[in-house]
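Here come two complexes built around chain A, the first alongside chain B, the second alongside chain C.
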Partner chain A sequence: MSIFRKAVLGAPLCLALLSGLAAAHDLVFPPGEDARFHWAAYEAFAATHDLRGQHLSVDGPWGGIDKQMFESVIAYFEAATGAEVAYAGGDGFEQRLLVGVEAGAPPDVAIIPQPGLAAELARRGHLAPLGAAIGAVMRDDYAAGQSWLDIATFAGPDGAPALYGLFYRVDLKSLVWYVPGNFTDAGYAVPRTFEELQALSDRIVDEGGTPWCIGLGSGPATGWPATDWVEEMMLRLHPPQDYDRWTRGALPFDDPKVIAAIEGFGTIARSAEQVVGGPEGVAATDFRDSPRGLFTLPPRCYMHRQASFIPSFFPAGLKPGRDFDAFYFPAFSAFSGRGQPVLGSGTLATITRDSPAARGFLDFLATPIAHEIWMAQSGFLTPHRGVNHDLYGDPVQERLSEILLGATTFRFDGSDLMPGAIGAGAFWTGMIDYVGGASAKVVAARIRQVWDTLE
Partner chain B sequence: MAHPLSALLAILLCLGACLGWLMLSGRVLDRLMPERAVLIRPWLFLAPAGLIVAFCLVWPLLNTVWLALHGPNGVGFVGFGNFRLLAGDARFPEAFRTTLLWLAVVPAAATGLGLAAAGLTDRLRGGGLVRPLIFLPMATGFVGAAVIWRLVYDYRGGGGLDEIGLLNALWTAAGGSARPWLTQAPLNTWALMAVLVWSQTGFAMVILAAALRTIPAETVEAAQLDGAGPLRIVLRIQAPQIGGAIALVWSALTLMVLKLFDLVQAMTNGQWGTQVLAGLMFDWMFGAQDSGRASAVALVLLVLAVPLLVLALHGVRREARQ
Partner chain C sequence: MRRLAVALLTLLWLLPVAGLAVTSFRDREAAAETGWWRAPLPETRVTVFHPDPATGRHEAGAWVIEGTAPDTGEVRAFGLSSRAPAAFAVGTTARGRDGLALTVAADGAFRLTVPVLFDQAPRFFLATRAPARFTTANYARLIRAEGFGPAILASFALAVPATVLPLFLAAFAAHALVWIEFPGRALLVAGLVGLMALPLQPALVPLLRAQELLGIGRSFPGIWLAHTGFGLPLAIWVLRSFMRRLPREIVDCARLDGVSEARIFARITLPLCLPGLAGFAVFQFLWIWNDLFIASVFLGGAEIRVLPVWLREIMDSHGGEWEMLAAAAMLSMMVPLAVFLALHRVLLRGLPSGAAR
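For the complex of A and B:
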């Protein structure tokens, strides 16, 4: 029985009422009530983790509504262990973390969105290796567990590889958004293979429509949606090992394999028929405005490839599942032996200052309940197979989760793994130049040239 | 209230410290070496300002030079390696050429238009009403101007979306078809330069109008009697007499163009061939986190500014001599 329940049951009436009110505020789903949650695992966690009187500071990139969501998860940890958690969170997290680390005053637990940054901190000895138990959860309970494990395994200060992070909350990229009604009206079926997708695109063109909406505009980050496209093409045209070598810099950027991936993106983005507005429209359109073409009458485009967050930019009042839906950006049937590669990103929970409370918090984030509390409230994807997927509120979230769990290979957003001068610089510029008419060869050689000058 | 009060307190403290320094140091000097006090006192009084200049200007400059000769984060001496890398990177020559184009076009255009506006509104009835309109863009920050002008240059991709850009509206009304003004080089750089000229013409006009007032009316009257038209009067009679003010406006605009970064960043982010040197410096510093190459770009900018600094110093000396 959890400490929380003991407190509620054992207290006098008025106190119970008061704490009941507090609990209604603190714990969004009263423990033990809704049978869809894994309360037994929660109780087991509480029974083995007594951290009364301990304080824990946590920092991460989530602010606003996400901060509220994460704090609602943290409340369960506090109730179960008696520890007090302070979550800072919000914009400027990377700077806060780096300054804190340099000044010798980091948070106890840091939730890091870029594996590259976590690897750098691990190399400099600022992260504590996580135990085998956490590794076992990721390997055994996460879909494509080995992929996740590999991404979170870095060389420590002594050069020995160890697990330094637990993936908690992920974003999914390999998605094509569409309006089911438009597909039914035109008699189109959701394509299961890349070949079918190409056939569907050509058919839409033949019937006078435009298949795709693409927008590369994103203010100071203009160009990044194109890097996602190229990464998806890399994963579909070549084995995942090539993708890994490419993001590490071992496969040169102007290798024919990379050029083929860029040109794969170009067959759509540089075509006047395949994409709304042609290449000029692709370059000039903001990625947030781009999906609106799906919802016009008649539709300006039928498909939009973008990550799981994009519905936030859809017109208001649309019903998920009825007014929009998503399907897996399919793989080539010609390479069916490679299974279903999925591209995405995610946040890594790491220990920046070791303590029993920090270890306990990581143990908590590995339990299903830490995932279920958030996913039952709002957009939250997890590769954890041990969570109850009935808790997803809407059918589209469920579909995304199915795609994530069906992944045989998971790869992290490559531009986040590359050096900043490439992944947040030359790669963006190169893609803009490519859409503007430069040849893939020239663009790739230019990016390689910059990469060669980095240490 | 805490903020203004503490600011006031800081000002008083600084003033007090300066006064205290002047009085105390003077007294100590008189006591220690009265015979050399006259020689040393000026240097003593200059010391606080000198220290601030050294700390805020000289030290950062030396640090930039040091960083430019080292690798990322100041690790490892690389000599002129950063400059070699820049020269070999296609982006640097592109940004260098673009910056030169800005330097050649914008100060000249803004000064010329400003002079014309100053001269013409001076002799125009209702000129007093026109001037604030021309000056108004000055009150808009560059990022604000970028937002406004992005709407002017807006392009929706022609895929059935209604075009909302002002320029495309005019263009299509004149019989053309909508164009992406900001994503096609070299036209886009000219579109960006037009924004800066729009924003700075008012500045040139105000300074030059004030200078025109100082010209003796007789010279203009004499020219009018001789039958000179208004444009001729501005160009041949008035402009030569306010050469100093024109040089001032021109060099202020040149310095502004050299450090121009926000306008380009906010409108095109330096993509589509519009990058300028200051933007490239920002990219290397904060995108790639390479302080070495960023400092190397900063030094190139400094070298470009040197002729202006020499001219300005020369002017100051000449004035001091007069």
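For the complex of A and C:
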């Protein structure tokens, strides 16, 4: 009996300990002190939003360090309004959200990384449309505002289009990461056009090096980094209208244009010389491990194409700008009339359970201060032009922001716009088959077949 | 032959555990670069060093920076370019572009001469050989910074009541099913078998919805009840089989003496069933302790993280850091391992005797 007695006695003790662990968050930057922040807008927000005693639950994909950052932003909302916010956050967000919605207990605010998922929730009536004020912020204050607005506008349960999400935090994809010192040692210059990039890759091969590090591994999502490559190639080989038709399904997946984009990726990923480990290495390496080759001595590779979040997976203790940097994944000079296409993605703040507190929270996320608090601490990009860009903590973040704000054509990550069965399924697995040796034609036809069965 | 098979199986199980254990004590560089079986061997590492330009002084028409590279072991070679980071032997002088000269000694003392000094001094490279190093920093980081404490408390707060509750209910039920005659008993037992065959997945969302209506959704009471419900059929079945093996005469004699049913349960059934109860308790505890699925559904969105959910978050945020993942895995294995080692006799005796019937 003794084990049971101890066990029964132990449970209340554990609960008592647990309840004492919720720690209060302090404000990282004292309001009013650092003049670089938009404190006036913060004070104005505080003056118009009194939510004392209200509780708000927020869920989103950010865990780990990003969670700490977001909670430091939330602390300002709590201080301004008096509301209490609980942010769950972290891996498994999509399942949590879908189960919560099905069980009739969603969070108040959900921060959704896939517009496709948000569109589906809006169609089924699980999202509340946002007011005109939020729409005005995105249209007027965001760089390429109309395109952000269009991505966040969905058909509601009645079929009428409305704005359902506010873009808060953006990831920039069209980036090539490199070590400036290694380029200097070898006498390489940063390529300005895709032709120069190809010439540089060939030169590295000629000199006995390997230009690229690529890894497609990502647990159950293995293959997704390849979809970014194909999207980049689509935007560089063909006009943006073709890209839009492709992500909507109007341009079939096995169209020669798409096959050309897949093969553009293949000239690098399926070459034994262009990429570390050859095609086998590409398929077997985890995407989080793949940039390591940039930092080995001597370097295993010189370039790594990945989105703006990747420095969190670089070795510890590196100094941005000195030990690593990024350049724009360049466009073909042959098609210079099309400008500089930039690929990116972003997270949509949506209201999953309507209340004054939820509305207030979205109003808060639209203020410059909600962006500035995060960007002054660590990796955070925003298309919001009203924020003070001097607050970027390091030169690399500043460079990324310039690329983002200077985009002539901005396009959202296509695989997040396609139906889930394609963008989070057949496209991923198809790319693994392709790297494994299947022909682009066969792979594309197979993905199209899956897409056709969805209609 | 049987011994060989046992030895092979043990090896098969121990090998990955040994790999995890060794990796969890290595630092990030070592874990990423070499396999765990090479951990005890001395290793050569190439590191980059950035001299501090502020320590430079002007001397005979050139800038000189002197200093000692951080102690990373015995320096074997050094270099000026990332392409040939170990091109020069210690003690020699390397001459680079634009009049740059560098000497490095075996203890890491260096002298760098450059004609012009900008706010960033030229970097150089050191190949050092150092004996194998092990560190407990990974564990310290997990326990201090990554929320291991709250997670293990939450796991206990979940697993203990969710083990005790179904066990007691099942003991009552098994007692009644074995020793009390009532109409429909056989049907009940058949229903029980049917419930065991039912997969739990289809029940999740309706159950959660019902709990939300009752106001206990996404909380400890809710998940305790869920685990109780999912665990009961098997628990009753195991205990029923165990009780059927006990001599019926004891219960009959007690009844003739006029002992109440409650006392029979408390004084006779429970003590005699202890091995079966303990065996099932271990079984249920381990399954709840390791469960990720039900915990993510019934505690998802709450601010409570049990160990498997915590472990998944660690995998999410430290995806490429094998040493952190290994340490986290070792930490989460500790309790099941302790429970199993402490109670494996009970488990071996109790469970088969009941379950085999």
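What we mean here is this: the second predicted complex is superposed on the first by the 429 of 455 C-alpha atoms of A that agree within 3 Å, B and C clash if a C-alpha of one lies under 4 Å from a C-alpha of the other, contacts with A are read in each partner's own complex, and residues count from 1 in each chain.
We adopt the following convention: a contact is a pair of C-beta atoms (placed from the backbone, for glycine too) under 8 Å apart; a residue touches a chain by one contact, two chains touch by 3 or more.
Small disclaimer: the values here were computed from a predicted structure and weren't measured.
Using the contact criterion defined above for the overlaid structures, shared-chain residue A:Gly266 touches neither chain B nor chain C, since it reaches no partner.
Of the two partner chains placed by superposition, A:Gly430 touches none, neither chain B nor chain C. Once the two complexes are overlaid on the shared chain, A:Pro115 sits clear of chain B and of chain C alike. When the two complexes are superposed, the chain touching more residues of chain A, out of chain B and chain C, is C.
Of the two partner chains placed around the shared chain by superposition, chain C is the only one that A:Gly104 touches, whereas chain B remains out of contact. Contacts of A:Arg96 after superposition on the shared chain: chain C is touched, whereas chain B is not. After overlaying the two complexes on the shared chain, residue contacts for A:Arg288 are found with chain C alone; chain B is out of touch.
On chain A, the surface touched by chain B in one complex and the surface touched by chain C in the other have residues 296 in common.
Residue ranges on chain A touching chain B, taken from their complex, read 210, 219-223, 276-278, 280-285, 293, 296, 300-301, 419-421, 424-425, 428-429, 432-433, 436, 446, 449-450, 453-455. By the touch rule above, chain A contacts chain C in their complex via residues 1, 3-4, 7-8, 10-11, 14-15, 17-18, 21-22, 57, 59, 63-65, 86, 88, 90-92, 95-96, 99-100, 102-105, 107, 179, 181-182, 185-186, 286, 288-289, 292, 296-299, 313, 315-316, 322-323. Contacts from chain B toward chain A in the complex involve residues 71-72, 85, 88-91, 155-161, 180, 182-184, 265, 269, 271-272, 283-284, 287-290. On the chain C side of its complex with chain A, the touching residues are 28-29, 32, 46-48, 50, 81-85, 120, 123, 125, 149-150, 153-154, 156-157, 160-161, 163-164, 167, 204-205, 208-209, 212, 217-218, 220, 274, 278, 281, 296-297, 300-304, 309, 312-313, 315-320.
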